[in-house]
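Given below, in the form of structure tokens, are the structures.
Both of the next two complexes hold chain A, though its partner changes from chain B to chain C.
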Partner chain A sequence: MRDFDYLMPETVGEVSGLLARLGDDCRMIAGGTALLLALRQRMVTPTHLVSLARVRGLRGITYDPRDGLRIGALTTHAAVARSPLVRQRYPVLADMASRLANPQVRNQGTLGGNLCYADPTTDPPTCLAALEAMLVLGSARGYRYLPVTDFLVDYYASALEPDEVLTEIRIPAPRFDFGYHARFHRTAAEHRPLINLALLARRDGDVVGEARLVVGATTVVPTRVAAAEAVLAGRRVTAALAREAADIVAEAIDPVSDIRGGSAFRRDMVRVVARRTIERLVEQDSEGRIVA
Partner chain B sequence: MSRVTIEVVVNGQPHRAEIPARRLLADFIRDDLFLTGTKRGCETGVCGACSVLLDGEVVKSCLSLAVQAEGHEITTVEGITSGGELHPLQASFAEHGGFQCGYCTPGMLMAAIAILNESPSPTEAEVRAGLSGNLCRCTGYVGIVESIMAAAEKMRGT
Partner chain C sequence: MTMTTQARLDGDASTIGRPTPQVNAQEKLTGRALYGGDFRTPGMLHLKVLRSPYAHARIISIDTAAASALPGVHAVLTGDDTPDRLTGVHRKQHRILATSKVRFVGEEVVAVAAIDEDTARDALDLVRVEYEPLPLVHNMDEALSPGTIEVHESTGNLSIEYKVERGDVDSAFARAALVHEATYETTSQYPGYLEPMATVAWVEGDGRLVVRASTQTAFLQRNRFAEALGLPVSAVRVIQSTVGGAFGGKTVEECNSLICAWMAYRLGRPVRFVNSRLDDFLGARSSPAERIWLKMGVDNQGLIIAKEVKILADCGAYEGLATHVLQVSLVRSDNMHRYLKDVRLHGRLAFTNHPPRGAVRGFGGPQAAFALNSHMAELAEKLGIDPVEFMRRNAVRAGDTTVHGFELGSAGLTECLDQVSEGIGWITKKARRPDTGLKRRGIGFAGAIHVSGNREMGNWDGSIVTARMTTDGRVTLSTGESDMGQGAYTMLAQCCASELAIPVSHVTVLPTDTDVSPYGHGSIASRVTILAGNAAIRAGREIRGRLLALASETLGVPEGDLTVSGGEIFATSALPNRRLTFGELARMHIYRHGGEELRVTATYDPPTFLAMSRPDQYGNVAPGYSFAAQAVEVEVDTETGQVEILETFVSDDCGKAINPLAVHGQTCGAAAMSIGWALYEEMKFQDCQLLNGNFADYTMPTAESLPNIQSGIIESLEPNGPYGAKGASETAMLPGAAAIANAVYDAVGVRIRELPITPEKILAGLREQEATAAARERRHA
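Our next item is the complex of A and B:
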């Protein structure tokens, strides 16, 4: 790892000033789990690290019924998973966070750091896209608000301006009664999902009112599949409907193809994950078949 | 070389040190404090041999800078014994075959402490999930899981 200066500013304005001055020679560090790997492999060689640890106003989780949930960008995944507010109002988010990567990464890694690194092969972006999260970006110039789906623009690329800091993740008040964040790993020992899929729905018995379906990890950015949501809306959930919607999902996405999985394999697995996740909308027997 | 001064408490002992900003927490613990129980394994965040507790939560010290621990409390495997007595988890690992070569054991113990802090009566599935950031290439994990289940029972006093 190359030598660097370690700076510890205390306000968003100070961070922004340092970022503007130092440009590409510096990197922000939050939990550091992803950055340390990149530093050690010399994928990045900054002359300065700007620590967010002392910056005020980047922590805490609050909820109010009008504005929904606010999560400070420095909140760790473990804190999201443990939060009574998140567990009660957004169980899908708490469940996703509680299973993310491994305990060490959950204790150290932050939600804001995860989003800014824009690694497509992680869980939070997909889940947050389904929850229609809005991100708050601060700089010396002020604050702006961007939907998470506009923030994540490409493979390891976000819409964060060079002098901006992600300060907060906001999630609107919950309006779904079902939520599940599914993930598919190539092997049980792997921590990076090959595929993930978040499904939210409002239900009336076994009839879907409204659904929100987002696929990620296997696409460069989370992909909402509106055509599948439309097929589910107003229909009674049956095995046939789950297959029909899963086919639409599999055809709608543009999977990456790499050493971890070719695009045809990924598309097939997306089909399976989508079908199984949709079947969760209604009661299943011990074999995972829908109870008619 | 840019240097920083940090104050940390390690195994209950306050330390003040001037270190290079790029010093890894794992290297600070081993090379500056000579606490060599914490192991460097893969050094890429995969194997968990370097696991320590930071304010009671398990983290990988190869993926942390020492300067990030400034103002925090660290516990290493050297800090879990009391008065020369093995921690109940250590005794249980010895009794139930929780290790063979022993290289992963310090990290396994720190992960195990975190598991039992979270849930004093864990299920086997919870123990396995809690160990998902730690690799053992000898035991196949059965002995480790049994060691932790048995220690949990003993620590509950049942």
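Our next item is the complex of A and C:
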């Protein structure tokens, strides 16, 4: 790791000013779980690190029924997982945060840092896309709001402007009574999900009212599959429906192909993960099959 | 059976056979242990190397001017600066840094010494090397095809070839009731120790070179450095640092220590070289990938009577110990078969442009055990007999001399089979109706043989232990064998303490320092317990004898009337109050006319034979042979191809568990390593370039991905062993992969003959099954 100056501004405006002035020579640091690795491997060699640790307004979790949930960007995954507010109103998010990566990352890594790094093979983006999260981006020029799906644009690329800071993640008031974030590893020893899939739904008995289905980790950005959501809407959940929708999901996505998995294998596994997740909408037997 | 026993002088004090915490555990847990890279000395420089990005290329030019000009840089050296003489284990094939040609991605080309690591890395960025890429030798098939470019001139890319034939193989096959042949493939495994290779080297005021390194084999390292640098052996001193795991990777093949030693000698300044994990992935010797063709013939009683083995192994770019690894793969597993007399072996080791391969835990055994146990399961199915019963029927026993001349003083293979069968509930599980759902369970099993010691170097496989009694009556042991986490020091302390009836904490085992420790080959071939253990017992007894003689003389009591207990020697019955402590005796031993420190040296060289010196490889190479077996229950997800190990039981015939706690640890660690090799780990190459040289992408087993490993110990009491003990650190590595493959086959009917057992391969097998079934239905329709 090369030497750098460590700057500790206290307002979003100051951060923005530093980012604008230092440009490519600087990097923001939140939890640092990804940045430290990159620094040690010299993938990046900034002369300045701008710490967000002292910046006001980047912490805390609040909820109100009209605006929904607000999570400060510096909130760690573990704090999201522990939060009674999140557990009560958005159990799918708390559950995802409690299982992602490993204990070190959950305790040190932040939700905002995860999103800004835009690593496609992590869990929060997919879950937040299904929850239709809105991101608040601040700079000396003011604030703007961007859906998380517009924020994540490509492999390790986000829509964050060079002078902007992600300050808050907002999630609309819950509309769904079912949520599950599936995290699928190729083998038990792998640390990064090969695939993740978030499914939210409103149900009336075993009939789906409305559904949100997003696939990630195996696509460069989280991919919402509206066609599958449409097929599920208004239908009774059966094994056949789960298969039908899963086929749509598998065909709709454009899986990456790399040393961790070829695209054909990934597509096959997306089909399995989608079907198994949809089947969770109703009661299953010990083998995970629909009872009805 | 003449087990090494003696009248226990104080039975209660002995820890032999009792769970004993490692004597060096506390210093490791409290962070006080000094590993290879922890040592600092004034004026120390930091070394980094520039590695070849090409798998095969000619070096046209190297421009070091900009790197040398960087402030803080002390030296930028290339192959031309290294001694002319070639280095290597047996065959000398390369200089300390590459000259004229590079032969694998990661080969060391330029070395920089600077005031700190960052400066050294900066300097590497400024070095310009011009290469002329050459055609690659991509794999071992290509290597041995006519007309292929040679990795080394005039070798035909053949490193070594073994041909062994015993008996009349063709007529044995003709007699066989059943003959089965198949081909199996294994992949390279990275040793994956926690501590990457690290060295600090310097030159003393008298001009001698001192190398402090993480090593399993300090004395072999000393020989190697002396030879490579053209120094007398006496001018080199190697000190073993605390070793954070080695698994065969820290013997005499890795180049971190060699480059560091040379740089320090050349500059006359202390130099520290710590591998990054990527350095280590690229520079370490991983195990050779092997393709094993097996043909076995069985008579109508289910006895193995004929065997033919052909192995083609990938040596990578340079020959180190891979020739011996291949010999082991070829020869050793035959010695499990009691009735086998007719066998033909053919092994070839090919140079390729892969990174050099070499010694890794099991040393050729895991490759052979995967092929053999898969093959035996296939044979058992064809024979219609249970695979455990099939192996039991063919299992060698104590007293046997095997087909290749191994003389088995003890053999617990049958007992291992019984124990794992019972441990996993083999009979009950076997009788279960096959699962038909999405997830299907299956059981599998495998057995293995390994050596404890292996006569191969200089026709001496001995071990020497020096014991000194300090004036407080405590003992210090010196040895040339290494503790790399496996528990050697604890074992030595236990043996010596037991002989002297003192607590283990009264014995200190010193790390090897070639200036003061007795010579030793080091910790390889599971040799330390059986060889150094015996030497430690002899040393303990010798000390006890001297103490008794002195006490007898001093107290005026015949030795026969003296008792040794609790660090004292006292006269029994007649003179109850006459007693002397060990401390008093140790002081008396010195402080008298003609006195001297109480110090003894004991050696144990086993009654074994140098089979490797004979072309037919025949002979009793080891004083003891360990056995192991493992049973596994898996659940295979037929939609994802994922394998979950539900339960596993491993048995290790270690002769006698001197420290059951350490044996259990070694068994579980070995089983975990074999599970990793079978299911999770794969060094992925593209055009001989490693693609996953980091722990995010090379996925070793984590706690989450391992089952609760149950382990059992079989005590077959080896006559040559200390208290009956044999080696216990490698054998349990052997059976895992085949046990899993056999369990997967039992679960879903897919036979995986190529490691690793991946979800993709299982799914492909299941699809093939479906296609076959569909075709059959169409024919019937």
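The rule we apply is simple: the second predicted complex is superposed on the first by the 292 of 292 C-alpha atoms of A that agree within 3 Å, B and C clash if a C-alpha of one lies under 4 Å from a C-alpha of the other, contacts with A are read in each partner's own complex, and residues count from 1 in each chain.
In this section, a residue touches a chain if its C-beta (ideal position, glycine included) is under 8 Å from a C-beta of that chain, and two chains touch if they have at least 3 such contacts.
Computed from a prediction, not measured in an experiment: that's the story for all the values here.
> Compare chain B and chain C by how many residues of chain A each one touches, and report the one with more.
Counted on chain A, the partner with more touching residues turns out to be B.
> For A:L36, decide between first (touching chain B), second (touching chain C), both and neither.
Touch partner of A:L36: chain B, not chain C.
> So in the superposed three-chain picture, is A:Q104 touching just chain B, just chain C, both, or none of them (first/second/both/neither)?
In the superposition, A:Q104 contacts chain B only.
> In the overlaid three-chain picture, which partner chain does A:R66 touch, first (chain B) or second (chain C), both, or neither?
Touch status of A:R66: no partner.
> First (chain B), second (chain C), both or neither: which does A:T187 touch?
Only chain C is touched by A:T187; chain B is not.
> Report for A:F4: first if it touches chain B alone, second if chain C alone, otherwise both or neither.
A:F4 sits against chain B, while chain C stays out of touch.
> Contacts for A:R56 in the overlay, against chain B (first) and chain C (second): which applies, first, second, both or neither?
neither
> Using the superposition on A, tell me which residues of chain A are in contact with chain B and, in the other complex, with chain C.
In the superposed arrangement, which is not itself an observed complex, chain A uses residues 1-2, 191 for both chain B and chain C.
> Could you please specify the touching residues of chain C with respect to chain A in the complex?
It comes out as residues 118, 121, 437-439, 639-640, 642, 644, 676, 679-681, 684, 691-692, 696-697, 699-702, 704-705, 758-760, 763.
> Mind pulling up the chain B residues that touch chain A in the complex?
1-2, 4, 20-22, 24, 43-45, 48, 51, 54, 57-60, 62-65, 67-68, 111, 114, 129-130, 132-133
> If you look only at chain A, which of its residues touch chain C in the complex?
The touching residues are 1-2, 42, 184, 186-192, 259-260, 262, 265, 268-269, 272, 287-289.
> Would you tell me which residues of chain A are touching chain B in their complex?
So the residues of chain A in touch with chain B come to 1-6, 29, 32-33, 36-37, 39-41, 49, 51, 53, 78, 99, 101-105, 107-108, 191.
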